[in-house]
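Structures are listed in the sections that come next.
Next come two complexes, and both contain subunit A; in the first it sits with subunit B, in the second with subunit C.
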Partner chain A sequence: MKHNGPFAVAFLLVFAIFMLAPIVVVIGVAFTPTGFLEFPPSGLSLRWFRAILDNPDFMHAAWVSLKLALVAATVATAFAVPAALAIGRGSFRGREVVQSLLMSPLMIPTVVLGIAFLRFLTVMGLNGTFFGLMLCHTVIVTPFILRLVLASVVGLDKSAERAAISMGASDWTVFRRITLPTILPGVVGGWVLAFITSFDELTVTVFITNPSTTTLPVRLFSYIAQTTDPLVASVSTVAILFTVVLMVVVDRLYGLDRLLIGEGKR
Partner chain B sequence: MSIASTDTPREVAPPVPREPLLCAPALALFLVMLLTPLIMTLVLSFNSFDFYEGIGSTFSLANYTEVLGDRYFYEIFGRTFAIALATTAICAIIGAPASYFLNRMDPFWRSIMVLIVLGPLLISVVVRTLGWAILLGNRGVINTALMNIGLIERPLKMMYTSGGIVLALVHVMIPFMVLAVWAALQRQDPATEAAAESLGAGPFTVFRRIVLPQAMPGVLSGSLIVFALSASAFATPAILGGRRVKVVATSVHDEFMNTLNWPLGAAMAMILVAAILITMIAWSRLVEDRVGRAYA
Partner chain C sequence: MAFLELDRLTKRFGMITAVDTLSFSVDRGSFVSLLGPSGCGKTTTLQMIAGFEDVTSGRIMLNGRNLSAVPARERGLGIVFQTYALFLHMTVAENVAFGLEMRKIDKPERARRVKAALELVHLSHLADRYPRAMSGGQRQRVALARALVIEPELLLLDEPLSNLDAKLREEMQLELRRIQREAGVTTLLVTHDQSEAMALSDRVVVMEKGRLQQEADPFEVYDRPKTSFVSGFLGKSNSLRAEMGRDGRLRCAERVLTGPAAGLMPGAVEIALRPERIEVVDAASGIVSGCVTEKVFLGNQWLLRVATPLGDMIVLRRNAGRNEAGIGDTVGLTWNPEHLRILPAEGAA
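And then the complex of A and B:
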C-alpha cells in the first residue's frame, strides 16, 4: 500500500479539524464561568453542569428520552429478530417486499414520517402519549436492528442447527442454544444503534410530543430557539459523553468500525 | 451409516411454512403504524381547511395548486434545492479525495480518522448544529478570531444565511459520502494504480485517470443519499436559518404546529417527496447514460 504525501496529510488534518470543531466548541463553552457562550472559556467552572440538576425541564426530558430509547429499542428488537431470521434464511414469496417495507423508514424523509405519525396519533387519540411516541420510535429504529441482524443471519452456518434438531431439540431450544448465541453480536449492535437513534431523534419527535412527553433533543431544540445560555452547551456535553461511553461499550461488544460502517449504508 | 439414515428425514423436515409467520408481527406493526399513517397523510393533502371549521373531508387539488402557483412557495422550494445541491457538490468534492487518502493510511491512523469522520453520526444533529451556531454567530468563534487578527473589521454575516446552513449540512452529511466512496475504493484492484505508475504516470494523473473513474459509482450513490437527506433536513436549517431562511421542512413544521393548516402542510410534504424522487431518478439516468457511454 502506498503512503500519503504531504498534501494528503495536510488535507486530512484540515478535514479532521472541520469534523471536530463544532463538537470541541460545544464542550469548551460548557465549562465557562460566565453567563454567555464564549470560546475559549475564560475560566473553568462546573457552574452550568450544576445548573442542569436545578432545571426540572431538562431532567424530566432526559428521563423521558432514556425510558423511550430503552423501551423502543427493546420492543423493536423483539419485532426485528424473528423477521430477520425469516428474511435471511427463508425463500418464501414476497420476502423482498417485506424486507423493503421494513427498511422503508430509512428512505422516507423524516418530516413526512413526523406529520404522518401526528395525523395518525391524533385520529387515534394517542397524540402526546408515551405509548404513541414509543410505537413511532419502534417503527423508526426497526430497520437499524434488522440490517445488522440480517448481516449476521446470512453468514449463519445451518449445520449446527440441523444437528440440534436431529438430536431432538425443540424449536425454542434450538433458537436459545444455537441460533441466538451465533447472531448475538448483531442483535446487541443493532440494539445499541437503535437506542442511540431513538435517544437522538428530533425531526419526527418534534411533531408528536406534548409538554409531559418532551424528549431531550426536542427540549434542547426549543431552548436553543428561545435563548442561548451555556446551559444548552453543558446539556449537550453530557449527551456527547453519554454517546462516547456507549461507543466504548459497542467497541468491546461488537466492534465500532463494523457498526459505523454499517450505519452509513442506508 | 445407520445413524446417518435416521438423520436424513428430520433434516429434510421443512421449516419453511413457519418462516413467513416469524415476519407477521413486524409486518402487522408496519401496516398499522407506517402504511396507514402515510396513506392518511396523502388523503389529508387533498382535504380542505378552514380557520373556523378546521379540516374538511372534501377531495380537491386546491392545496397543490396553491403551493405550485405561489411565488412565496417557489422561493422556499428553490432555496431548499439550492442548499441541497450545494451541500451535495461540496460533499463530493471533499469526500472523494478524503476517502482516497483514508484508504491509503496505515491501519492505526486510519482507525482514528474513521472515528473522527464517522463518530459524529452517533451524536445528535441538534448538538452538532449548536456547535456551528456558536462558531458562526456575529460574535461567534470565527468572527472573533478574524477580527482579532485584523482580517475583517465588521463581523461576517453567517448565521441566518443559506451559506451557513450549507456549511453545517456538509458537516452532517459528509460521513455518508465518505462511506459510499470508501466502499467503492475497496472494491478496486490496487494493481491498476501500480501499473499506471510503472508506465510513468504522475500521482495526479493516477488519481484522475485510474482512481477517480473507479470511485465514481461510490460518489454517485453517496450523492443520491446526501441530496435526499439534505433536501428534507429539518434541525440544521431550523436552528441556523430560523424564521428568516425557511426551507420546505421548516415550513411544513410551521404549517402543522403554528398555522395549523395541516392539509396545506401535507401537500407541501408530498410535493417535496415527489421532487426529491424525480431529481434522484433523473440524476441516476443521466449518470448511467454518461458512464455507460464513457466505458462502452
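And then the complex of A and C:
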C-alpha cells in the first residue's frame, strides 16, 4: 500500500471528524441524566433509554420500521435478482428501457416521488396501509439492489453455467447451485443496503403514513417538531447501534469492502 | 459408421458464416484435433456439438443418434472450457462430484469415483482446496477430472492449454495424452497451436474461415498438405509461385524444375517445400544458388535465409557440431524432387 502524504492525512482527519462529530454528539446527549439536550453530558445515565421502552409510540414505530425494511428489502431482492440477470446478460429489445425504469427512483426528487405515491395510494385506496407503504419502499430500494447485483452479474462466467448444464443440471439447479452462489455477495450487499435505506427513509414516507403505520424516522421527525428532550438522542443512538451491528455482521460474513466496492479481481 | 459425424454443418450469425458446410468424423476411442487460426469457427463448432449453439443447417450424429433434438443437458458430453469454468465456491472434490450428483449416484459410489478421477489427474492431495487457491495447471486438471468423472461418451476440449505458459503447456500435453489413453475416451480437441495438434492427435482436422481444409493423420497433414493454407499453417514452408505448362513441365521464375511424378492441371500452381528438406551444397552443384541474407541459431538447428532466383527461401540445417555458411556467402541449394508439393495456387482452390 502507498503511504499518504501529510496533506492527505490531514484531509482525511478533517473529513472523518466532520462525518463523526454529529454522531458523537448525539450519542453523548443520549446519556445525559438531565431533562434537556446538553453536550458534553453532565453525568452518565440510562434514563433516556429506559424512556424509550416506556414510550409506546416509539416502540410501535420502531416495530413498523423493522418490519417494513425487512419486507421491502426482501421483496425488492426477489424482483431485482431476476431483473439483473435478464438485463446483465440478455440481449432483448428494450433492455435499457427496463433498466432505466427500475433505476428511476434514484433520479426523481424524493418529494416528487412522495407526492406521486400519495396520489397513487389514495386512488388505489391503500393510503396509510402497511401494504401501501411496503409497495412504495420496495420501489425506492430496488435501484440499490439492482446496481449491486448487476455488477456481480456482469462479471459472471457463462461457461461455468454451461459446464453445469453439460453435466445434466436443470435450469433451476444451475441457478440455485451455480449462479446464485456466485452473485451472492452482490445480493446480500444489495439487501443490506436496501434494508438500511428503507429503515432510514423519511422524505417519501412522511407523505404516505398515518398514525398506525408511522415509521421511526417519521415519528422522530414529528416528535422534534413538538418537543426537544434527550429522547430523540437515545432513539437515534439505538438506531445507529443497530446499523453498526448489521454492518459488522455483514462484514464478518462477506467483507464490507467487497460488498460496497464490488468484488475484486479473481 | 464413425462414432461422431458432422455432416455439412453450417452456422451463420447474421451475415457472418462462422462454420461453412463442415464435414468430418471421429472414430471411437480416438483423439482428434480441430486445428485452425483464431476466429475460424472452432469454438462455434464445439458449442454446436455440445448443444449450446443452434445449428443453422447440417447434422451432428453421435453413436448413430441425431443430436439435433437432444438438449445440451442430455447429451452426456464432458467439456473442458478454455477458461476452465470451475465452480469457484466449491472445493475441488465438490466440483468433480457435481456431475455425479446430477446423475443421482449414491454417496459412497460418488466418493469412490471422485477419488479415482482425482488420482487420474494426480490431484488427490488437493481435494479440499478451493480453485482460487490453485495454479493454472492444477485448475486445468480439475476441469479435466470433472469432465471425465461422468464417463462421457465424448470429451470436448476447447483450447485447454492456451492459458498455460510454454513449459507447463508441454508437460500438460503429455499428461493430457496419458489421461485420454487411460480413460479411453473419444476426444475432440480444439486448438490454434499446430504443434499441439500434431503432438497429441491421431487425426487432425484443419479448418480455415469455417471451411474444412484437410482431414488426415498428423504426418500426412504435415507432409502432404492439400492446400497452400495447410502447408503454411503447419510448420515452416517455402512457397513458390510456379506455372504448370501444357507440356507437363513445371516452370518457376523462367526455370524448368523437376517436380514429383504426379501431374496437375495446367495453369498457375504453388510449390511448397519444407525448409528441412533442402540441402546446402557448394554454389556450383545446387539446383539453385543464392546469397545467405540471414542466419539464426536455434540451438538444435540453424535457420538460413537465402536469396535465390526462385525467390527468398528458408533452410533449416541440423546443428551437426560445426558452423554453417555465414551471411554474404553464396551457397547452392538442392533437394529431392519428390519432396516438392504441387498445390493449387492460392485463391484458385
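What we mean here is this: the second predicted complex is superposed on the first by the 244 of 266 C-alpha atoms of A that agree within 3 Å, B and C clash if a C-alpha of one lies under 4 Å from a C-alpha of the other, contacts with A are read in each partner's own complex, and residues count from 1 in each chain.
Rule of thumb we're sticking to: contacts are C-beta pairs under 8 Å (C-beta built on N, C-alpha and C of every residue); 3 or more make two chains touch, one makes a residue touch a chain.
It should be emphasised that the depicted structure is a prediction, and the values quoted were computed from it without experimental measurement.
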Self-check item: Which superposed partner A:Pro181 touches (first subunit B, second subunit C, both, neither)
Solution: second
Quiz item: If you stack the two complexes on chain A, which partner ends up touching A:Gly125: first (subunit B), second (subunit C), both, or neither?
Solution: neither
Quiz item: Which partner does A:Pro56 reach: the first (subunit B), the second (subunit C), both, or neither?
Solution: neither
Practice problem: In the overlay, answer first, second, both or neither for which of subunit B and subunit C A:Val206 touches. | Solution: first
Quiz item: Of subunit B and subunit C, which one touches more of subunit A's residues?
Solution: B
Quiz item: Which holds for A:Ser236: it touches subunit B only (first), subunit C only (second), both, or neither?
Solution: first
Practice problem: In the overlay, answer first, second, both or neither for which of subunit B and subunit C A:Ala160 touches. | Solution: second
Quiz item: Of the two partner chains, subunit B (first) and subunit C (second), which one does A:Ala169 touch, if any: first, second, both, or neither?
Solution: second
Exercise. Starting from the residues of subunit A touching subunit B, keep only those that also touch subunit C in the other complex, and list them.
Key: 162, 165-166, 266
Quiz item: Where on subunit B does subunit A make contact in their complex?
Solution: 7, 10-11, 13, 16, 18-23, 25-27, 29-30, 33-38, 40-41, 44, 94, 97-98, 101-102, 104-106, 111, 113-135, 137, 141, 168, 171, 174-176, 178-180, 183, 190, 193, 203, 225, 228, 231-232, 234-235, 238-239, 242, 248-249, 252-253, 256-257, 262, 265-266, 269-270, 272-273, 276
Exercise. Note which residues of subunit A are touching subunit B in the complex, please.
Key: 1-5, 8, 11-12, 15-16, 18-26, 29, 37, 39, 78-80, 82-83, 85-87, 89-92, 94, 98, 101-102, 104-105, 107-112, 114-120, 123, 135-136, 138-139, 142, 162, 165-166, 171, 196, 199-200, 202-203, 206-207, 217, 220-221, 224-225, 228, 232-233, 236, 239-240, 243, 246-247, 256-257, 260-261, 263-266
Quiz item: Okay, in this complex, where on subunit C does subunit A touch?
Solution: 50-52, 72-79, 81-83, 85-89, 98-99, 102-103, 132, 146, 150
Quiz item: In the complex formed with subunit C, which residues of subunit A make contact?
Solution: 157, 159-160, 162-170, 173, 177-178, 181-182, 266
